[in-house]
Each structure stands twice: as C-alpha cells, then as structure tokens.
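Each of the two complexes below includes chain A, the first together with chain B, the second together with chain C.
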Partner chain A sequence: MPRLELYSPEGLRIDGRRWNELRRFECKINTHPNSSDGSSYVEQGNSKVICTVQGPMEPKLRSQMNHDEANIEVNISIANFATFQRKKRSKNERRIVELKNTLENTVKQCIITTLYPRTLISINIQVLSQDGGLLSSMTNAMTLSLIDAGISMYDYVSSISVGLFDQFPLLDLNTLEENELSYLTVGVIGKSDKLVMLMLENKVPLDKLEELISLAIAGSHRLRDLMDNEVKRHGKLRLKNLN
Partner chain B sequence: MEVADIISISKPSKFEDVDSDIEMSDGEEPRDNGIVTPGELVTDDPVWMKGHGTYFLKDNTYSSVAGNVSRVNRLLSVIPLRGKYQPETGDHVVGRITEVGNKRWKVDIGAKQDAVLMLGSVNLPGGVLRRKSESDELQMRNFLKEGDLLNAEVQTVFNNGSASLHTRSLKYGKLRNGIFLTVPSSLVIKSKNHSHDLPGDVSVILGVNGFVWLNKTNKSTSNSVVNNKLQSTIDSKGNYDPGKGSVSITRLEEESSWEIYSDKNDKISATVRDNITRYYNVIKALSHGELGITEQRINLGYQASLQFGNIGKLIEIESMENICQDIITNERMRGSM
Partner chain C sequence: MQLSPAERDYLYDSLCLQTPIRPDARNLYQFRPLEAKTTFLPGSNGSARLRMVDGGECIVSIKSKVVKNESVNSLLECDIDIQGHRDDSNFVSNLKYNLTNLLTKNFPFDALRLTKKYSFKLFIDCIVISHTSYPLTIISLATYLALKTTRLPLLVSEIDDEEVEEQPTFSDDWEDSRLLHEITGQTFQPPIMITVGVIGKNLLFDPSLEEEQVLENGLIISFYNNKAITPISNMNLALNANKDNYKGIDQSLIISAINMVNKYCSAVIHALDTLIEQDDEVDGTIF
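Moving on, here comes the complex of A and B:
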C-alpha cells in the first residue's frame, strides 16, 4: 500500500479537514461533583479524557508537604481499551512518566501555588480513548477541572498539536497523521503568546518552527474561547440555581 | 496567524446567550453580576484593593478564579463558584479526627488543611475546668481517637488559612447515635444556630463546612435547652467568650463525666432509624437540587418525602427532584401569603 495521502492537492486531509481546521472540540465541566473537588471531560475528535482534581487538601505524607507553596501531583492512567489495539500499560511506562512530568511542570506555572501552602493538589487524568493530541487534550481537561475546583490560576492553559507535512503546517493531528509526521504540542497561557509547554519529539526544520508555533498559538486561543464558553455557560446555570 | 483563520466545529448550542457577556464587559466599572473566568480583566482602575480570587499585573486587576465579582467598599474580590470550605472564627463545624499528636488532635473539617484541636480547648471528664495534666496528655486517645467524629467551633483562623477548634460547650463534643453525610459547604447557610431538633426524635447538626450529622435526639441535653442558655450569654455580653458562661459550672460537672467520650451507641429504635435515614435522603435530595439547606427546608422536604412509603425510593433522581420541586412550590406559597 502506498503511503497514506495525508494532504491532498486539493488541500484536504485524511479525515476531510482543511490544514487550519480543528477537530470537533467538546468539553464539559463539573462532571463528577460528588467524587471530586473539580472535574471535567474533554473530547478532541476521537480523543476522550476525563480529569478530576482533589484538593487543595492535607497531604497524606509529610514528605508531600511544602511549607511555602502547594504540592502538585498528576496521575495519568490510560485505559487498556483506549487505542485501536487493546494494550495493557503499566503506570511506570517511560512515556507516561514523561507526560506526567510535563503536565506537572505546566500546571505549576499557571496555578498561584503560593496561595496554598502546606497542601496537596492531586490531579487524576483518565484517558478513555486515544486518537492523537493526547498531551493537548490532557492539558485542556486539566485546566477545566482546576477551574471547576476553584483553584486560583493566572489564566487558562490551552494546548494543541501541529504537524508539518512537507511544507504545510497542519493543525490538530489525529493518530494517523501523528504516526507519519513530525509534530509539536504547545501549551499557551490565556490569550497571550506565552508558552508554558512545548513538546517536540522529532525533528522539524528550523525555518518552519516559527510558522508552526504561530499556528499552534492561534489554535490554542480558539480552544481557550471554546473552553471559556463552557465555563461561563456552567457558571450561569449554577447562579440561576442558587437564586 | 490570526485566530479568525482557525476553523472549528462544535455541537450546536442550545439557545444560549453567550453574546450578552461581551456587551457587559464594555462597561468601565467592574461588574457586580456576570461570571468572570481566570485571566479575565476585572478592572484597570488601580484604586481598587485586590481581594481573594484576583491578581494584579501592571495596574490591571485580573480574576484568578471562575466566579462572580463582589465589591465591598474599595475591596474587589471574586467569589469562586465552587471551592473548598474556608473556616471563619465562630463557625460551627463537624469534623473527623485524623491524627493524635503532641497535646493536639488534627481534625479534618473539609478545608484546605486539617484544623487543630488543642488538648487545652476541650472539656475533659472530671468536671471543673482544670489544667490539663500530663496524665491527660497520655490518655488523649481515650478521649478522641483517629476516625472519631466531633462537632466544634472554630476558635481562630491562622494566617496560613488553617483553623484551631474548641469544644468548650456542652453542645460541642464527640458525636454518636447517628449517621454522617457531606454536602457542598456552599449549600449550608450560616445562621445563629446550626443544631436543630427535628420532628420524629431526630436531631441534625448542619456543620458550616458541609459536614452533617444526623442523630437520635438526646433527651437530657436537648439542643434547644443548651442553645437557649447559650443565647442569653451571647446577648447580654454582645460577644461570645468561648467556654465561659455558656453553661453553669455545676451543670458542666454533672455532664462532663466519661459519658461524653463514650463510644457506645444508645439503643435506637427501628422507627428512629427509619426517620434518620429519611432525613439523610432528604438532605441528599436538597444537595442534588442545589438548594440551600436550612431547618425549614429539611422539615418541608421531610413532609414531601412522606408521599414515598419506601425510604429507599428517595435515592432515585426522579424522587429527589420531586422533593426539591415540592419544597420550592411550598416556599413560594408561603411567601405569597
């Protein structure tokens, strides 16, 4: 079989999208009100992620206590049925540990951690279905559930992946595209151009990097708006219930 | 690259007025109502003082949580829609012992950090308010041990947000003869009195922290008696001095036997057990409907729940919503009369 036609001469991608088109993005906030302090559910195309936040709370171990800021812990679990082929994953798989560290570093920069000394904020991410953009959908879900938990943060962190096909940047890759192309994932603070996360696992020509990042930032800003709509919608609903 | 260039699709929204937000944000003044989200500019006027839920960058005040803006004089703060309970002095809370330490217990009150209960701020068996000796220190676990539930009052709140509790009144202390449940703390409305006797031989303690205790009414120390006495001391002095005057010393001697730290439940009859369960489900229904929880609403909910003979039926979403609806219509009718 010849190589997949990822980007047709007519400018259509393998799933019929344009180069600058996001997959269907849907998010819900406060999905698990009884079992967590904050929760969210994010769908980016066929990637589906649940995120719950516990805390700020008293750490179980003294070693987890930090005297002048909050201790933040991220746990990732990817369901066995998340990929096309059923696969058992251990928690200590190197890829997962790396994702976990990346997310921890990202979230530390956006939460105002000094407001929560001697506490633990535990973020649990459950991946239900995986179809590209894993890191970005996890970041988006994490942002939403932190907001739901009422934890102070400087701004939204929204994230998206971009890949490079030949000379063309493509936005929001799915698994098929991710396997073939080199791509990077960025995390953007709010509506600014500041990056809190940049993940590039393969090679990208240096002269294309700027173009890729600027596309990713624009895509992230759009995602931020979509998430903001959901937060506002949910907030209004709550206010209506209270009065 | 412009955001406008990005194509995105999402589910058609159900007649929502997202646009109305944009119009409101045109105003110069910080808004009173309407939701702000993290990173949203609240005001660019530097005269405002920055309260909770905001941060300050280059003369601009931004929101750091999703919630609504509150303005008190010059103080600008954003009250989050959801969040952990924040203790305040004087709050009546229910908590669970998590740790027994050096002259203190650690109590989980659902806040960001565990509260402390000092050995010096509890009533010990033996009556008179006495100094705590070394032997008391050694048998701390006999009074309260890990996992015990108690109700207490917040004595002080420290700078870092953690609280210190006291139980120096007969209405506070260890809890038994009942069942524990939690509701979101935002639903418990602060009032003068948080322990109520309900019809059906059941008492409830609605902790301000959202922890609720339902138990069989204790005949000898009925809440109302203790509270009336307490009330009078508060009124005459204007401020409440913990542990002082809330009850006469002689009475304290009578009550402060080992009894108050007993782990043994009294005999509870089947009807009282049923009533407790019914109240439990009613409070769960109130929290499901996100209605503020008050004594009156619990009573109304209890009456509404009587239409369901089977108490187990109350946990169904339909019946919970039914009860909430009944309460709301009932309150409307009372309000209009």
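Moving on, here comes the complex of A and C:
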C-alpha cells in the first residue's frame, strides 16, 4: 500500500484533481527570438522546461552531415536545482542519455527530414523545475519550438503520462504519484490515434494497457489544442505587428 | 559572427578615435539594454533570469540548506553550466573561479548563521542558455538580482544551542521569511563583476561580441559597496582570439578603468534595484 492516499474513495487525487484531469498547462513560443531559430517554454504543473532550436544549419563537422536527410541532435540538461533536493547531475547520466535517444527517435519521425538534406537541427532542452511528466513536458516543448523555427512537420506531437492506481487509470502524474505508481508516457501525432513514442519503465497489467493508452491519447489531444491555441495567438500577434 | 579583416580594421579605427564610435552607438560607459525577471522558481529561495539585447541569457537559482558549522568549509557554493561547453573546460572553470572568489570574499556571512551550531549554506547555480560576448557580466548581474531577492525562512527555535541538542526549526509561514538584508539589518548589495574592454587609449564597458574581436586587452573589475574592489584581472575576452591584436596594458589605463567603474557602476546597481522594485508585484512567470 502506498504511504499517501493517492486516490481517495471520493475520486480525488492528492492535488485535488479527478482521474482524467490535466494539471495547469501553460506554454509560450518564440521566447528567445534573438538567440535561436525557434524557442518555447512549457509549464506542466510545477514542471518547467525551456527549449531552443538551432537550425536547419550547416553542421560544424563533416561527420554530422547526411546527404539524404537532416541530422537531428537533442541535448538535454537538467538544472541542479530542478528537484526539491539540489543534486549535481552529469550530462552523461544513463537516464538522461536514454531520454535523449527517445526524443531523437521521436522527433525524427515527425519532421520531414528529407526536405533538409546536409543540415543539422540542434535542439537544446533545459529543465528548470521537475515535478513529474519530465519526458512529456520535454516533448511538448520540443514540438512548440520546432514549430516556431518553421521546420516542416507532419503534425504536432503532444505527449502526456498516465499511471495506474489499483484499477483506475490516472492522467498526468506529478512527482508524488510517479514515485508510487507504474506509469507510461505516450507521444501522439496530431489528432490521430498514432503513437510516435511510448515509454514504459515499470510493469502494467496487459489488460489495462489499452485503457491507459486511450486515456493518454485523449489527454494528448487536449494538450494539442492548448498548444495550437498558443501558436495561433502568437501567429496573430506577429501578423498584427507586420501591418 | 566572425568579422572580416576589413570590418575588423574599420571597427578598430572607429573605437580608437578620440571620441570613439561604438557599432551600436553606445557611450563608453553604457551597458547594453537588459531585461530581467526575478522570483519565478517556487522551489528555490531566490531566482533571476537576465537577458541582454544580443540574446545572451542567464538563469540563476539560489537554494539553501541547513548545515552543521564544523562540517563545511564554505557557506557558499557556486556552479556554472554553459550550454555547449563542458563543465571541466577552462572557460567554465575560469568563470566559476571568478564568481566564487568574488562572492566568498565579499559576502555578509553573518546573515547565514542560524545558531551556534548550524548555518545556512547557499547553493548558487547559474545556467547560461546562450551567450555571444564573454558571459561573466550577465552571470554576475543575474547573481546580484537572485541574491537580492533571496528569502530565507524565519528561525523559531533558540539561537543558543551550545548546551542543548536541538535541531533548528523554522516558521511554517513563508510570509515570515526574510530577505538577506533584513536579516543583517544593513544594506546589502552583492558584489558584481563587469568587463571593460581596452582599445588604444579608450576603455569601454560591456563590450559586445564584435568589439571583443578587436580589443587589445580586457579587464575584469569587481564592484562592491559603491566602490571598485579587487579582484581585478585582465584577460582576452574574445573566445576565438585574434592574437595579433592582443597587447599588454598600460598601467595608467587600469587607474582610469577603476575611476570609470567608481563613477558609473552605482548607476548600474541603481538600475538593477529599480528593476527589482518594479518586478515586485510577483506574478511568478518567467517570461
């Protein structure tokens, strides 16, 4: 039994949400107009992530050049102060390298890479504060900054985590819930049911998997709308400044 | 951006004039415009984000931890992380050394003493998201803002714990927390470091990337309590150094640089303080 009452009999979670509620989601694009080609800032609950994109540009090294498609590179750095207890992290920590590979594989499927041969697209992700949903907030931030950079993509990739409490699926976990429950993170392309990413590090009963994934897809669609609103808001602002 | 030889010559000549012309039409003692935000990280005691007009940006967080006095050698720990540079590179370790050295020598450590056995230890973490010119100025100005807005919780247990085995306890109410200068009861202006470029007989504050490429030398001067202080050091500010330009420095220029810092840096501090005041209606957003 978990130490905390993660899901009360009345159907409320620790932070007062219902099972299918998202945390506060706020995002901004074009936050670093002078230092990058595309940038974004995402807050999911208390998780805060900054993402900047450089490129498509000429790679510094010949070895980074691919003649058929763009080379995509993701760098993740998690600030020492991101967690409650300050902790010094090395960049080559295995967990971070795994996240980096997952994100690289995800983003390669969403960008139309053949449009940018012989170029490098470099994505830098800076995590300022971590409160659950690390991978999903990084994915959402990455999508937004790629859109801001004007890089051709098939559609938005929106991502969210879902956990399983006993028999009940819970949407968008925070740290406390993540520590106690088994959970998975999915990345969904646009408004479709297609997954580009699925990360499951614990065990989940097979007969519950479908239920979890369908909840995650519904949550991702909601996030996609929220991100789309921000992109449109920014687009209108730019258009207004032009005239 | 790398300048061509012709551009470099042109820039060099215009900066060497008796009344120099800087590429962005600034005065010699003028900083680039900057924007900043404070207190946006709820998990840190103090935080600041500072951005220069050229896109250089630094985020500083200050976290505190209660430690036993005898178990630590310093109550301050600085760490700098620069995107695109290794943590153990010369570039990063130089910056880290400069900042740690400046702060440990000019800090009111009394504010951190809790009881006879316990103290606060401050962890100052700087993240440079992007930079074009030498990042020490933005790091140090952002640290100033973060330290100025750092709040520490109020101690409610006894101060004298020599005799009793008691762990310090704190007020649950964050409204009771105090800023560093409220704890010492004196005005507290954290030290800052600024970069001064030397070219010909001229000195220029806060050189930009283009200016750094033609500078003959660079000075780093510290400023604390309304006057220039040591450490004062000189270095080549340009990353991709143009070696033939780099020259020794005339002694008299060091004196005039110190005079210039004494004269104009209070204005910088004043500007930063005003920024904090205006930022006071905390909305907790970073952008």
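Quick note on the criterion: the second predicted complex is superposed on the first by the 241 of 243 C-alpha atoms of A that agree within 3 Å, B and C clash if a C-alpha of one lies under 4 Å from a C-alpha of the other, contacts with A are read in each partner's own complex, and residues count from 1 in each chain.
Simple rule for what comes next: a residue touches a chain if its C-beta (ideal position, glycine included) is under 8 Å from a C-beta of that chain, and two chains touch if they have at least 3 such contacts.
Because the structure is predicted, anything quoted here is derived from the model rather than measured.
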Tell me which partner A:R62 touches in the superposition: chain B (first), chain C (second), both or neither. neither
Please work out whether A:R94 is in contact with chain B alone, chain C alone, both, or neither, and reply first, second, both or neither. neither
Does the superposition put A:Y154 against chain B (first), chain C (second), both, or neither? first
In the superposed arrangement, does A:Q126 touch chain B (first), chain C (second), both or neither? second
Touching partner for A:R3 - first (chain B), second (chain C), both, neither: neither
Which partner does A:K203 reach: the first (chain B), the second (chain C), both, or neither? neither
Touch check for A:T31: first (chain B), second (chain C), both, or neither? second
Residue by residue on chain A, keep only those touching chain B in one complex and chain C in the other, then list them. none
Give the list of chain B residues in touch with chain A in this complex. 1-3, 5-11, 13, 16, 18, 21, 33, 35, 37-39, 53, 55, 62, 64-68, 80-84, 98, 106, 108, 112-114, 160, 162, 184, 289-290, 292
Residue set of chain A touching chain C in the complex reads 28, 31-32, 34-36, 41, 46, 48, 50, 52, 75, 77, 79-84, 86, 88, 90-91, 124, 126, 128-129
Complex interface listing, chain A residues touching chain B: 17-18, 20-22, 24-26, 30, 33, 37-38, 55-58, 112, 116-119, 147-156, 171, 189-191, 211, 214-215, 217-219, 221-223, 225-226, 228-229, 231-236, 238-239, 241-242
Listed in rising order, chain C residues that touch chain A in their complex are 41-44, 53-57, 59, 61, 63, 65, 79, 81, 83, 87, 123, 125, 127, 129-130, 286-287
